[in-house]
């Protein structure tokens, strides 16, 4: 297990360095200037605690800092606003030492009180969707100058990763409280219009759905390669261009310096473009099909997929390599567990090698020798969904499973999911935290959201997960995760497809951007050569 | 009926229409499957988080309470805040509306510039080759979908030949016009075809009509005949068509704005439907209805001024 | 050109008069051209497999993104599917759109317009408000909203278009009926004591129907444009259904490498639209409808 884990992370590192080697090369960074980066969708709400979406999470680290930060490979943490952290008292006390001399972008110094206030706000069970990540904290003590002590209800192996996650970002208490607004939500709304943090940039203008301009934070604490403070850029502009081909045309015309979400179909073309540099960042993104696994569907009809053999048969009947070739043009790789290979404590195995004969046999054992019909919700207008499902539909038809594709828009698909009123649905997942607990709590641990609302339930997995949440011995925790993954993968409550990297592209002279496997866009060391 | 009375009567007629629109849109948005919360929170939200957000936005209240609340606020001009962006709807629309108005205005001007001279040429050469060529070219324009023309123009003129910027809106006024050039041409094509066709027909009618022959017989110079009679009638046709086509233009703007990444209200509307951003959909529909009504009224008034025979 | 204008114009006028006399004995050229083009597409729509050289959904990994050639006159797409065959197969869907998106509005709208125009009264006043309501919304925006309510797909698109579209037919018919009622023969029929049904369907409808028929042709062209636009936005026909708009949307990511995926279905839309417009023009000429 240990070895495969190491191998996987090593492979990740190699891929990462191979792909972005050019941008990390030792040539000196250019200071000053402006970078324009095109995003497919705008941010919505730049509040670390109350936000809801990746469009916020993935860029907020440019404005706010966390006490710890995820490493570039996504599997570990490194110092952020805290330079040192240690546990004592059998894992029930967690002491952090704050970095000296850190200032917010408005010039006020960061204090331990700000940290206590920010974490208290983030763990308030009545606020935001993410508070449970800090649920083990019982009380917080600020010892000025520069020390913060967390008293825990129980030892928490995920706390280090949680303190490196966006929702525990540190905000200036006094400034926030002085913001006009009757309720905390109103204050948050007003504050997020002109957010102040300790991050490398500060927001100067924001036209919703059009563009966002960030200026260099002159008080940023981190130093660049030249020993002077980061960031290199004076200005960073995000332009919102939802149309894939328009985004790319703008990049090719040199109107922008970089663009995210390059369609897989065009990666090769951009790789051979002498003016551009295609970057494929390792990600925690997995693409899979969710299936309902409860005994009956919402309409009362019996559910064939309640039978594990049927679920396994459906997996055996999918040729993952062929799907990868069709949808990602070979850029993806087959899923080897429900979590991505970039997730800490991932244990991979070859899952459901394509075997239509075995699939047929399993279906016959389940009493469905003549196959059955199942419908799936897909996202209308989404070419990945279309390609995946056209391929799967054709493969399944060979073992007698008739797949009916029902395209709907995103809110509809999500509403059906929450009502547990679906047979199957297309889905993708990225982790928000450098720990396997988040994805496991959603995919496999029934009490959270009924295992992706599939109603799949394995009491042993639930028990293991609960144990692992308090397990301080890393070795024992890894064992627990190994068993969880094996049990889940055997029970197959999803159809395993593939992992994909984040495809971004830049002009040759725009360098230094980093996207970590969690998705966060780091622009602190980005620069544009003249 | 005098003009003031006419305007007053028209405005009075508009009021019930608007109330009806408000109701229809409110009901329609509530019929959309899912709600803003299901659009905002992805797969990794707990039921707890979902319910909290729903309550915070007032969606746990009955639909009637919600409607009354909406009416109460709308009367005072308060359309609430965008659910997705958490900023006042009025601000969001104020940012985007000028873009769409510039785009449609520019498209109308381009359509006239293309259609009027060529319609004149076509009418004067009716049923000979210049007429055929002009009619075929405009027919192609009329039959081409906006997204297709946009894609081709964008790729060829902007990305390959680098004559125009690929998309966006630019910074200064001149920059705006420059960025909107291709989108406006795209949007103008089918409108120009409609204007050309109608103008050609009415020009031919006018050219045939006795009063032109009479005027010509009186020895008036040809240009004056054309200017006075022909173009005046042409203008009446065009003004009527602008009124009839404003809805189609705004609808076309939805697609044009998507293809060219132009940040106007058309794109905002589609985004808001997909995000179930109720307040934005509601306010935007009313704003679009106001624009269309105003354009109707103005074109009617222009028609009345140009052509005294029009009385309603 | 300009110097010779008066003579030319005069010659033109007499020329027009000549054609007008000949009108009933000769089929107008636009009509002929329209019939040819539309029949061609109808043929493709009815028997695509007889015309298409390949199976439109068969993948061919040996011919991915190949440019137009003798084997594949329109080239192939990223799955090696033959674009010519897909364009032909798509005509089935697009002609269906032309018909199904307009047939309900045509029938319902004409009937409603007939009755409202004939009887007037409260129904007419209500209808006036309804027209105000419908014309104040941009058509495409309402259709998108309704499709969003019902879910994407062709059938829901027909519903969405029909919910609004009938109003335009009703308005047109109503106007015609109002005019026709002024004519002597209708008044005479009334005096002769013919039944209302007979007056409506035997005397008024056939005459009111002529501009409606002409409008129907234009509307079918518009329906194809609308259908392909919605297909392009992901709200109309759903892949793998081949529909021209969907084909263009599929190919737009490859535009700079493989223009043929997008360009040929686009030609089909344009040509088909021209066909219906010519048919409309020709019919207008033949039936002497002023447009």
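The first chain written gets the first letter, and so on, giving A, B and C; residue counts start at 1 in each chain.
Basically, a contact is a pair of C-beta atoms (placed from the backbone, for glycine too) under 8 Å apart; a residue touches a chain by one contact, two chains touch by 3 or more.
In this text, all values refer to a predicted model and were calculated from it rather than measured experimentally.
> If you average the C-alpha positions per chain, which one ends up nearest the average over all of them?
Checking distances from each chain centre to the full centroid gives B.
> Name whichever of A-B and A-C has more C-beta pairs touching across its two chains.
It is A-B, judged by the count of C-beta pairs in contact.
> Please report how many Å separate the Cα centroid of subunit B from that of subunit C, as a whole number.
Centre-to-centre distance between subunit B and subunit C: 22 Å.
> Averaging over Cα atoms per chain, report the distance between subunit A and subunit C in Å.
Centre separation, subunit A to subunit C: 47 Å.
> For subunit A and subunit B, let me know how many angstrom lie between their CA-based centres, rounded off.
Averaging C-alpha atoms per chain gives centres 40 Å apart.
> For subunit A, give me the residues that contact two or more of the other chains.
Where subunit A meets two or more other chains at a single residue, that happens at 245, 252, 408-409, 412.
> If a residue has to touch 2 or more other chains to count, which residues of subunit C qualify?
Correct list: 148, 151, 233, 252, 255-256.
> In subunit B, what residues contact two or more other chains?
32-33, 151, 155, 159, 258, 274 - these are the residues of subunit B that touch more than one other chain.
> Which stretch or stretches of subunit B touch subunit A in the complex?
32-36, 38-47, 49-50, 52-53, 56, 82, 84-87, 92, 95-96, 151, 154-155, 158-159, 162, 165-169, 258-261, 263, 267-268, 271, 274-276
> For the complex, give me every residue of subunit A touching subunit C.
Per the touch definition, subunit A meets subunit C at residues 244-245, 252, 263, 265-266, 269, 326, 380-383, 386, 390, 405-409, 412.
> Applying the document's contact rule, which stretches of subunit C touch subunit B when the two form their complex?
Touching subunit B from subunit C are residues 1, 5-6, 8-9, 12-13, 15-16, 19, 129, 132-133, 135-141, 144-146, 148-149, 151, 221, 225, 228-229, 232-233, 245, 248, 252, 255-256, 262-263, 266, 269-274, 277-278, 291.
> Give every residue of subunit A touching subunit B within the complex, in rising order.
Interface residues on subunit A, with respect to subunit B: 42, 44-45, 52-54, 126, 128-129, 132, 185, 189, 192-193, 207-211, 239-243, 245-247, 249-250, 252-253, 255, 408-412, 414-418, 427, 429, 432, 438, 442, 448-449, 452.
> Within the complex, which stretch of subunit C touches subunit A?
Against subunit A, the touching part of subunit C is residues 78-79, 148, 151-153, 233-235, 238-240, 249-250, 252-257.
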